[in-house]
Each structure stands twice: as structure tokens, then as C-alpha cells.
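What follows is a set of structures for review.
First chain A sits with chain B, and in the next complex the same chain sits with chain C.
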Partner chain A sequence: MKEINFEHKMGAHCESGTVTALLNHKGLEISEPMVFGISGNIFFGYMESSNFSFPTFIVRNKPGSIRKNFGKYTGVKFHTKSFKSKEKGEAYLNNLINNDIPTAAQVDFYYMDYLPEWQRVHINVHFVTLIGKNETDYLVSDSYFPKKAKIDINRMTKARFVNGFMAPKGFLFYPEYIPGNIDLNKAIIKGIKKSAYNMIKIPIPFLGIKGMRKFARKVVDWPKITRDIDHLSHEIMKITLLLEDQGTGGAGYRYLFATFLQEASEKLNDGSFKDMSKRMMEIGDNWRNISYFAAKIGKNRDLGPERLKELSNMINDRADEEQIFFTDLYKLVK
Partner chain B sequence: MKEKDVYVEFKPHQLVLYVEKDDDSYGPVQTGSFMAKNYLDDYFEKFEKWEKSLREQLKKGEISPVYYYMILQSFGEGDLASRVGVSKRKLKQHFKMEYFEKLKLSQIKKYADAFDIPVASLFQLMMSKHDEKEKISIKQMETQNPYFVISKVEMA
Partner chain C sequence: MTEVEIAKLKTEIKEVILKSLNITDIKPGDIENSAPLFAKDNILGLDSIDAIELIMTIQKHFNVRIADQNLARHVLESIDTIAEFLIKERENK
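Up next, the complex of A and B:
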């Protein structure tokens, strides 16, 4: 097996974990929360689309935006490439591995069969790093798996070239240039500004704080659009999965963002960001309470109108808190 | 969240959470999944109920295998339609046997690819008696012929 000398680390999230590991490999010492925060990725959105099996919510910005925004704010250049042809896409990746370049690939998460089956869903925006290969398998560094894993070459190629919503089209990337004099302080401020803008000012009715309020309004009507009580229970418990288990670092990225603010406070030598990080940690704990509550009522099938109203009120309370929090944060960086 | 409150013993599903440490610093810890540890039984129970209900409908010809797999794999209709290159209207037609049975084999193959199963699995479900579930495994081996699969029944 050809194997690139690459340090595998688990990460909270697949894209921030992948970007961080690749930057570390290329010589830039930076943490995952810092990559996540600088790229302005804390977010909220309530989505109703036929591309999802049920209305859902997102707690981070668009897939791909961690790499893009981090590059934009720090001057790091990423080499990126998509493909129309599977054969060319596979050959290109193999060539990079042969040249000792660890490379991130966008894949359908469902095909990552080293992970347990209950964890895998069809979603075309998972990111892994390819770090080796032999005749039959690739060696993969996946932020969601404790160690390096093998995956069949044909399976990986399928995962890179499935069609559908946000089809990966064989997308690959790796950092090719890291400036010697990155102004991290400036990048931190830009990232915070973007996050705060997205949460309180973005003029789209289902995004940011407005998205949270929409979620709170809509969740009480979920019984009308579910097949039966088990389906409703499944969708309510998915709230917990989306907040805690699907690569968020806990509490829908709120703990990751609090950690970023704490690091930012040290870098900027400004105690006000430390206060904000404590507030964000508490907000995270309140989101975590939603996770516990949703899991409990879902499992007990305790899903009557009063319980759902209670859940809706908890979400609205988070919207109130985050409205104040991000308004205060915006004032600090304006 | 305090570090001491976070640890969950569940090796098969590990993840990274960010926590507040004893010295007030925040940082990552690796732990088992709280959801998987506490709620996986409930998830499987619901899944088995859905599978059974869909299988009954499939047996009666009330739904097609396309609908069966779409629900079990939690596909959005728009996403699935895009993966197989049909309109959402056509996809909905393919939920019914009267339309499914008129599909070309090449179209059926596209559905099989989207569901990551052999074409043969759109026409049969292989099951074992409940008490033998742990003893028997059925491996479907792909061949160079994309429409032909060899199923091997193996005793554990």
C-alpha cells in the first residue's frame, strides 16, 4: 500500500476537520475552531425542499464555504478540480496520491462503509482526505472515524460521481499555497462579521434568526406531514441527530463557535470576546437541552400538541438569545 | 458543556465534541455517541416496522420497489429524481407497479445504482428466519456483467 505520511485526527465536522488537517500537513498550525470561525460558518436555516425527505434545518453555512471563505480571508490558495469523466477523475486523484499530495474529495456519505450503517445517509457533501492506495483500495482519513480506513476504489469512485442534489462531480481540493504572513487577526474579525451578518441581517426569511423562528412555527405542524406516530418520532429525534451527531462538535456547532471565540480573544488580546465565548457556551448548553428534550419525547412517543408547543417555545427562546448575542457580537467588530 | 458530563461509552460510534475543561479552557474530546448509545434500539425498531409495512405493500403490488427503497434510504424525491435523470413527475409514476413494469432495464439499472444495490434486488428480497439471522449471511457478488449478480449464502 502506497501511504502518504499524514497525521490522521478526528474532527468535529467533516469539512472544517478536512481543511484543518490539510493545512496542518502543509505546515500551517491552526485549530479546527479557528478554521470554522474564520470562515464565518456558524449559521441557521430552515429548509423545505424536495431534495430532502422531510423539512430540515441547517446549523452551518453552505458546504464548500469553509474552504472558500478561509482562503478568501487568509490568502491561502486551494487547488480545486471537478470532472465530467469518472476515468479522468480517478486517474487525477491517483496521480496526486502517487505524488504524495493528500487530497480532499467530496463524496456521498452513504458509501463510506467503514462507518456504522445507522450513521450513513445519502448526502453529497461529505469531505474525506485520500492519503494512500493499493490495487484495490484507497486509504482514507475521515474526520468522523477514529483511525485511517480502507475503502474499495470502485466504491470511492461511485461516491465521488453520484448524481443528485449538490452532486460532487469528482470534486477534489488541496492547499497549494500558504502565505508566510497571514494576518489572522484581520481574518478573525472578517469571519465574525460574516457570521453575525448571516445570523441577524441576511434578508432571507428562512435563514439566520428568522430561520429559527420559522422552525419554531413549523415544528408544531409536523404531525400533519408525517405518515404516523413513528415517523413523527423519527423526525423529532432527527433534531437531536442534526444538532449533536452529524459532525457539529455538539449543540449545532455552538460549542465549536464558543471555542473559536475563546481562541480569538487570546489572539486579539481582547477580553470582550472571551465574555462572548462564555455566553455562546451557555447558548450551546440550551441547544443541548433541546436535543435531550427532543430525544426523550420522540422515544416516548410523547408528541401531543402541548409537547410540540413546548419544543417550539424552546427554539424561540434560542432565537431570542441568539438575536441579542449576534447583535452584540456585530457591534464588537463593526 | 462541562467535560465531565460529556463522556459516553459507545465504541462503535465515536465523535468529537467541544467542551469546557476544568481550567475553563474550551477544547475537543472524543467520546461515544449519546444518541447511538441510548436510542439505537428505538431507531431499529421503527426501521423494522417501516420495512415490514412497505414489504407488505410491495407484496400486494400497491407500491413499486422504487418507493420501497426510497423510503428506507430516506431519499428526498428531488434528489432521487436527479440521481436517476428523471423528472419528479416521472419518479412519482415509478412508485406504482403499473409504470415500474414498463421501465427499460437500463432505467431500472439507474435506480439500482442510486440505491447502491444489484438490479436483482429490485425484484426480490432475500430473508432468513428470524432465529437464523445471526448464523447466515448472504453476499451479493457483482460480476463484469452489470445486470448479473451471484448471491452466495454462507453459514457463519
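Up next, the complex of A and C:
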């Protein structure tokens, strides 16, 4: 098998983990929390749209924004390409591998069969790095998996060209230029400003802290828009999956952002960010309490108005906490 | 840690899991140390919703933080991996 010399690492999240591993390979020493933080990806949004069968929420910015924002704030240039034709998409990828270029691909997570079946769900925005191939298989570095893994070429092509919401369309990318003199301190400040803006200043009523409050208001009415107790239970338990499982990051990426602030404190030589990091860790713990609560009441079908009100209050408390947190954080960088 | 201490830790982990998930018909000795906890044929019959309960329980009982879900997936693979994680955490403290 042709194998590119590529250091495999596990990550907290597929996109930040993939971008970090590719940057490291290209010679830029940087951690995953730093990539995540600089890209200003901590977020919240309560989404009701025809794209979703049921209201949902997001805890990070949209897929692709880690790469795009990191590039914007540091000057790193990424080569990106999508395809209409499967054949062209496969040939393009094979050519990159043959030329020793480890390449990230957007895939449907479900097809990554090196992972146990119980872990796999259909999500069209999973990212893996292709680092080798032979006649039948690709060699994959997936930040969700402890080691390099093989996957059948046809299966990978299928995963790259599935249809549906946010279809990958064979999308792939790799860093092609890293400036020699990246001002990381400046990039950190930009990332923090972007994060604070997204959480407390963005003028859209369902995003940032406003989105959390909307979520808190709406969740008590979910019994009105669900078919029965089983459906309601399913949607309530999905809160846990969205906070902890999907996209990973854990506790809605709050821990990852806390680690970024800890590292920022050292880089900027400013203890204030260390204090903010500790506060964000506690906020992450509090989100995890919501994960636990939602899992418990969903599983036990304990979904009366008083329980949903309790859940709503917990979400509102997080909104209060994050409003104060991001206001204080913004003051440190403006 | 000695082998005896590690065995004791693994028993403690099993007791904590059984108590947390309110499982009364299985004894710690019935759970294999290396068996994947979330496999369909595991004696515990756990699902992904149980995972968050286990994370919270382990964090609270052993005073550790499992900060991301990939780490959690790896840690919660089996009793052996939970024990490995806790031993590492203790060494790092």
C-alpha cells in the first residue's frame, strides 16, 4: 500500500482535528483547541427551518468555518475543490495521494465502517484525512479513531458523494501555503472577538445568547409539536446527543474553548484569560448537567410541564452565565 | 499501582456503573474487563444515552473530567480502558 508519512492524532472534533493534523503535517505547530478558538467557532443557534424535521440547535459555527476563519485570521491558504462527477472526484483524490499530499475529505460519517456500528449515524459533514491507498482500499486518518484505518475505495467514494442536506459533493481540501511569520497573538485576539461577537452581539434573534433564550422559551412547547410521548422523549434525548455526541467537542464545545483560553493565556502572557478558561470549564460542566438531565427525563418519559420548565430554566441559566462571560471576555480584547 | 490495586479499582468501577444505572440483576464479577461496554451483546445492554450518565458518574465519583466525546468514547470502551484512564489521571495529579 502507498502510504504518506503522516502522524495520526485523535482529536476532540473532526473538522478542527483534521485541520490541525494537516497544519502540523505542513510544519505549523499548533494545537486543536488553538485552531478551534482562533476560528471563532464557539456558538449557539436555535434552528427552525424546513431543512429540519424538528427544531434543533447548534453549538458551533457552520461546517467549513474552522478552515475558512482560521485561514482568514492567520493567512494560511487552503486548496479546496468540489465535484459533480464521482469519477473525477475519485481520480482527483487519487492523484493527490499519489503526489504525497494528505487530503481532507468531507464524508457521510455512517460509512466509516472502521468505527463500531453503534457509534455511526448519517451526518454529511464528517471530515477525515486520506493518507494512502492500494487497489482496493484507502488509508484514513480519522480524528475520531485511535489509529489509522483502511476503508474500501467504493465505500469512501459513496460516503463522499451521498445526497441530502449538506451533501459533501466530493469536497476536499488541504493547506497549500503557510506564511512564515504568522502573528498568532493577533489571530487569537481576532478569534476571541469573533466568538464574543457571535455570542452577544450578532443581530439575529435565534443566534448566540438570544438563541439560547429562544431555545429555553420554545422547549416547554415541544409537547405541542411532537406526535406522542415517544417522539417527545426522542427529541429531548437528542439534546444530549447534540451537546455531547454529534460534532463531539463535549458539553457543546465549551471545554475545547476553555482549553483554547488556557493556551491563549500562556501565549499572550495574560493571566486574565486563565481565569476566563476556568469559568468556561465550569460553564461546560453546567451544560453537561443539561445533557444528563435531558437524557434522564427523556429515558424515563418524565416529560410533564414541570420537568420541561426545569429544563428551560437550566438553559436560561446557561444563557445568563454566557452573557456575562462573553461580555467580560470581549472587554479583555476590545 | 499494583495488580491487586488495579483489580480493586476495576471492581469499584463496575460497582459504580451498576449503581449509577440501577442494575441489580448483574454482579461486578459478571462483567468482563475487556468486553466492549456498548456492544449489542454486552451483558449490560447499554445505549448511547447511558454514556452521558456514565461520564457524569465517573467524573463525580473519581473526581476527573472527561472533556470531549472522543476521549469519552475511548475511555468508555471497556472496564479496562476506564481503569487505564483513571490510573493515568491519578499519575498526572
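Methods note: the second predicted complex is superposed on the first by the 330 of 334 C-alpha atoms of A that agree within 3 Å, B and C clash if a C-alpha of one lies under 4 Å from a C-alpha of the other, contacts with A are read in each partner's own complex, and residues count from 1 in each chain.
Keep in mind that, in the parts below, a contact is a pair of C-beta atoms (placed from the backbone, for glycine too) under 8 Å apart; a residue touches a chain by one contact, two chains touch by 3 or more.
Here the structure is a predicted model, which means the values were calculated and not measured.
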Chain B and chain C placed together on chain A: clash or fit? clash
Query raised in the report: Should A:177 be classified as contacting the first partner (chain B), the second (chain C), both, or neither?
Result: neither
**Prompt:** Is A:111 touching the first partner chain B, the second partner chain C, both, or neither of them?
**Reply:** first
In this superposition, the partner of chain A with more touched residues, chain B or chain C, is B
Query: Given the touch rule stated above, what does A:299 touch, chain B (first), chain C (second), both, or neither?
result: both
- prompt: Does chain B (first) or chain C (second) touch A:234, or do both, or does neither?
  reply: first
In chain A, both chain B and chain C touch residues 10-12, 116, 118-119, 143-144, 146, 237, 240-241, 244-245, 249-251, 255-256, 259, 281, 284-285, 288, 295, 298-299
Per the touch rule above, chain A residues touching chain C in the complex are 10-13, 116, 118-119, 143-144, 146, 237, 240-241, 244-245, 248-251, 255-256, 259, 281, 284-285, 288-289, 291-292, 295-296, 298-299
Per the touch rule, the chain B residues reaching chain A in their complex are 1, 6, 12-20, 25-28, 30, 33-36, 38-40, 42-44, 46, 49-50, 71, 73-80, 82-85, 88, 113-114, 116
In the complex, chain C touches chain A at residues 36, 38-40, 47-49, 51-53, 55-56, 65-74
Residue set of chain A touching chain B in the complex reads 10-12, 17, 32-33, 49-53, 110-111, 116, 118-119, 121-122, 143-146, 158, 162-165, 167, 230-231, 233-234, 237, 240-241, 244-245, 247, 249-251, 255-256, 258-259, 262, 277, 281, 284-285, 288, 295, 298-299
